[in-house]
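Take this structure, written in C-alpha cells, and hold onto it; I'll ask about it next.
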Amino acid sequence: MGTIEGTFLDFKDLDRLATGDTAIHGLDPRAKVLVTVVFIVSVVSFGRYELTALLPFFIFPAVIMALGNLPVFYIVKKVAVVIPFALVVGMLNPIFDRQVYVHVGTLDIPGGWISFVSIVVRAVLTAGAALILVGVTGFPAICMALEKMGMPQAFAIQLLFLYRYIFVLTEEGSRVSRARELRSFGNRGKGMQSYGSLLGHLLLRTWQRAERIHMAMLARGFTGAFHARHLYRFGRREVVFLLGWSTLFIFMRLHNASQLLGSLATGILR
Amino acid sequence: MSHHIVEVAGLQHVYSDGTAALRGVSFRILHGESVALVGANGAGKSTLLLHLNGYLSPTSGFVRVGDFPLTRETVTEVRRTVGMIFQDPDDQLFMPTVYDDVAFGPLNLGFPPDEVEQRVMKALATVGIEHLQDKPPYRLSGGEKRRAAIASVISMSPAILVMDEPTTGLDPLARRQLITLMREFRHTKIIATHDLDMVFDVCERTIVMHDGAVMADGPTREIFNDDRLLSECRLERPLSMQGCAVCRKRRQEI
Amino acid sequence: MHMADPLLSPAVGCTMWAASAGTIAYCSAKVRREPDERKVPLMGVLGAFLFAAQMINFSIPATGSSGHLGGGLLLAVLLGPTAAYLTIASVLVVQALFFADGGLLALGCNMFNMGFIPAFIVYPLIYKKIAGNNPTRMRLTLAIMVSAIVGLQLGPFGVVLETLFSGISALPFSTFALLMQPIHLAIGVVEGLVTVAVVSFVQKARPEIIRGARAARPIGNRPVRSVVLAFLVVALFTGGFVSLFASKNPDGLEWAIARATGKEELPAPADGIHTALAAVQEKLAFMPDYTFRKSADAEDVKKRLGGEKDAGLGTSVAGIIGGMMALAIAFLSGLILKKRPGRTD
C-alpha cells in the first residue's frame, strides 16, 4: 500500500482535487455516484471474452477528467497500480485457456489472451471510475449522497469520522514510524517486538483521543443524534447528466459500439 | 439573580487509582471576570476545568454555575452556559466542514435551521474565519483551527468560556491574534495556561494551583510580583515582567 | 488476501454485496441503539488507527520479508462484533475507493472475508469460547492465536470459494486452495503474534479497555446465530435470484473438465501439468456434479470452440477497428474538453 507518508499525501491530493469548482464539481453528488454505479455495473457485467466492446467505455473517464480538470497523469499513475495485480490474476488465463477463440487475419488468438486483456481493461476502467468519482466529488460528499440514497446513518457517520481522522492518524503513524526508523539499523529494531509496542502506544493514544473527542462532543450538547445539513439540490442538470450517461452506458453494453464504429468506417471506406 | 457566576466549594477529586487530583478547591468567579488558572503540570488545572461542565464529578464538594448546582439533571443546562475549549483543536473539530462543527452545538440544542445559520455566521465572523466555513478541518492551520474550535463553542452563546491552554503551539502572529480576540470577548473567562505573558495581557485575576490545592488567588499583578510563591509552585514571572533581557544577561555574567 | 474484481463474476459479487450491505444495515441499527455513545468517535478513530497501522511494517525474522497487522481480530476484541464489523467495513470502503484495493465489485466479498468472518464467526465461536471472562495471560494468548490462525484460514478460503463460484479465472480450485491456505497459515501465526503483543500491551497499560469491551457485549448465542442465519438466507436468496439473470459464461470448472475430456479442436497441451492438474481436479471432485449453470452451456462452449466469427461479440476485424476508433475518440474528447477556457482550481 505504499509508505505511510505517501498515503497521507495521496489523501490530501485527492481531497484537494475535490475542491475544484468546475461544472462537474458543482453537480449534486448523488448524480455522480449513480452514474458511476451504472458505469461500473455495465463494465463488470460483460462476458469474459468481450474486449472491443469495452473500449468505448473509456469515453466516460476521459470526458469527466477533462471537464473536472483532474490531472490525467496523476490519475493514470494511481490506476496503474491496479494493473500488476490484474496481470498476475489474468496471467493464468492464457495458460489454462488455450482454445483458439478468434482469427484475426492469419493470427489465431486463444481465448485465454482475450480474457486476460479483458480483465486488465475492466480493472482499469472500474478503478479509474472510482478514483475520478472521488476526485470530482470528495469523499465526505459521497458519503452524504449515499446516506441520502439509503445508506444507514450510523455507517455514514462512521465513514465521515474515519476519513476525518485518517489525516490525523496517518500523520501520527508516520511520526512514530520515522522515530523507529531513525533508531533501527538494517532490520534490527524493526522486528515484531518493537512493532507490537509501537502499535500498542499508538493504540492507547488513539483511545485517549477518542475519549477527548467524546468530551468535546458532550461539551457541545451531544446526546447521540446527528443532524444533517441539506445542501445540494437535484436539479435539471443532474437529471440530464444522469440520464445521458446512463443511456449511453446501457446502449454500449447492449450493442458493441466498437463494432458499429468499425463497420461504419469500413463501410464508408469501401 | 446571583452575580456569582461560578462557584466552587471544597472540591475534592480522587481518581480511581487513588491519586488525589484536587484537594479542597474553593473560589468564586463573578460575571465578566477574566481569571487565569496557572500552575505546574499535574497541579490539577485540567481536572478542575472538567468539573466545571460536569464531565467529571467531585468526590466531595460542589460546583454551582449561575443559579444551578451542578447535578446530573442540570448538566445539560450547564453545558449550555459553560463553553469549554480543549487543548487540541483536532479533538473538537470532528465534522466534515468548519460550518458543520460550528453548527453542531446549536443543532444539538435544538434551534431551528435559520437560527442555527445566524448563530454560525455570527460566531465565524467573531473569530474572523467566515471564508473557511466550507473547509474541512484537516486543511486549516494551527491558528485557524483554534479559532474554529472557539467558534464552535461561542455559537452556543455561553455566558462563560473555559479554555485549556489556548495559546499552545501557535506561531507568534496567531498567538497575538488570539490574545486580541480574547480581550474582546465579553464573556466570563476561565483560562488554564502556562503562557504567563498572555495571562498578563488578558486576565486581571489569577488563581495559582499546586498539588491539587489553591495556593493563591488575587489580582494578576500582585501574584506575579510574589517571586517566592511563584518558585514554590514551579512558576516564574512572565517574561515581559522580567526586565530587559540584555541587562539581565549582563547581570548574570557579572 | 483481498478478493479482486478481476476474479469475480457479477453474480457472486452482487450476492456478497447484498449480504454485506444487509449486515451493515443490521449493525448500524444495533450501534444506534447502543447506550454508550463513546462508541461513535471510538469506531471512527480506531478505524483510522487500523488504516495507519496497516501501513507500518515489521520485518519477519528469517524470511527477509515484512508484514503488517490485519487487525480484524484486534478490533473485534476491542469493540465487540457489531462495532468491529462496521469499522472494518468502513476501512475497506476507503481502501477500495482510494487505492483500488480489491475493487468495488469485490467490496462485498472483502467485507465478508475480512469483516464478517472475524467479527461474527471467529470472535464469538472461538475467541470468546477459549478466553471466557477475565482470562489469564496464557488463555488470552491461546485464544488470540487460535482465532487468528482460524480466521486467516477461513478468510482466504472464502476468496477461493468466491473465485470458484465466479468461474472467471481459469485457475482450478484445488491449485488455488493449495496456494492460498498454506501461505495463510504462516500469515495467521504472525497475525496472532502481533495481535497478542498489542493486546497484552493494552491490557497492561489500561486493563479497563479490554475488560470494558468484553463486558459491554454479552454475546449470547442468540444474536450471533441470528446474524449468521440471516446472512446465509440473504446470500442464498440473492445468489439464486441473480444467477437467473447472470450472463451465461462458461464456468471455469467446466472448462477444465471439457478440456480434460478432450475436444478435437483442442491443441494438445504442451506441458503435462495441464492434464495432470485437470486429472487431479477430477479426482478431488469438490462438487462432482457442480454446475453453477446448466450443461446447456457446454453446448454454448462447443459452438464457440468452433471458432466461428461471432459478430455479436465484436471479435471481427470491424470490431477491432471500431475499438481503436473508440479509444481515439475518448482520448480526443478529453483533450478537446480540457482546452476550454480553463477554470483553475
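Every chain is named by a letter (A, B and C) in the order it is written, and numbering of its residues begins at 1.
Note that in this section contacts are C-beta pairs under 8 Å (C-beta built on N, C-alpha and C of every residue); 3 or more make two chains touch, one makes a residue touch a chain.
These numbers come from a predicted model, not from an experiment.
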Kindly list the shared contact partners of chain A and chain B, in label order.
none
Report back the single chain whose CA centre is most distant from the CA centre of chain C.
B
Judged by C-alpha centres, the chain sitting nearest the middle of the protein is A
So the centre of each chain is just the mean of its C-alpha atoms; given that, what is the distance between chain A and chain B in Å?
43
Just the number, please: Cα centre separation of chain B and chain C in whole Å.
49
Chain A and chain C: spacing of chain centres that average the CA atoms, whole Å
17
Find every residue in chain A that makes contact with two or more other chains and list them.
160-161, 164-165, 168, 209, 213, 217, 222-223
Residues in chain C with touches to at least two other chains are numbered 41, 44
Expected list for chain B, residues touching two or more other chains, is 94
Of all residues in chain A, those that touch chain B in their complex
12, 15-16, 140, 144, 160-161, 164-165, 167-168, 209, 212-213, 215-223, 225, 227, 229
Touch list for chain B against partner chain A, complex
50, 53, 55, 76, 79-80, 83-84, 86, 88, 90-92, 94-97, 99-100, 103-105, 107-109, 136-139, 152-153, 156
Going by the contact rule at the top, pick out the chain C residues touching chain A in the complex.
4-7, 10, 13, 24-25, 27-29, 31-32, 37-38, 40-49, 51-61, 64, 69, 86-87, 89-91, 93-101, 103-105, 168-172, 190, 193-194, 196-198, 200-202, 205-206, 209, 247, 249, 255-256, 259, 265-267, 269, 274, 304-305, 307, 309, 311-327, 329-331, 333-338, 342-345
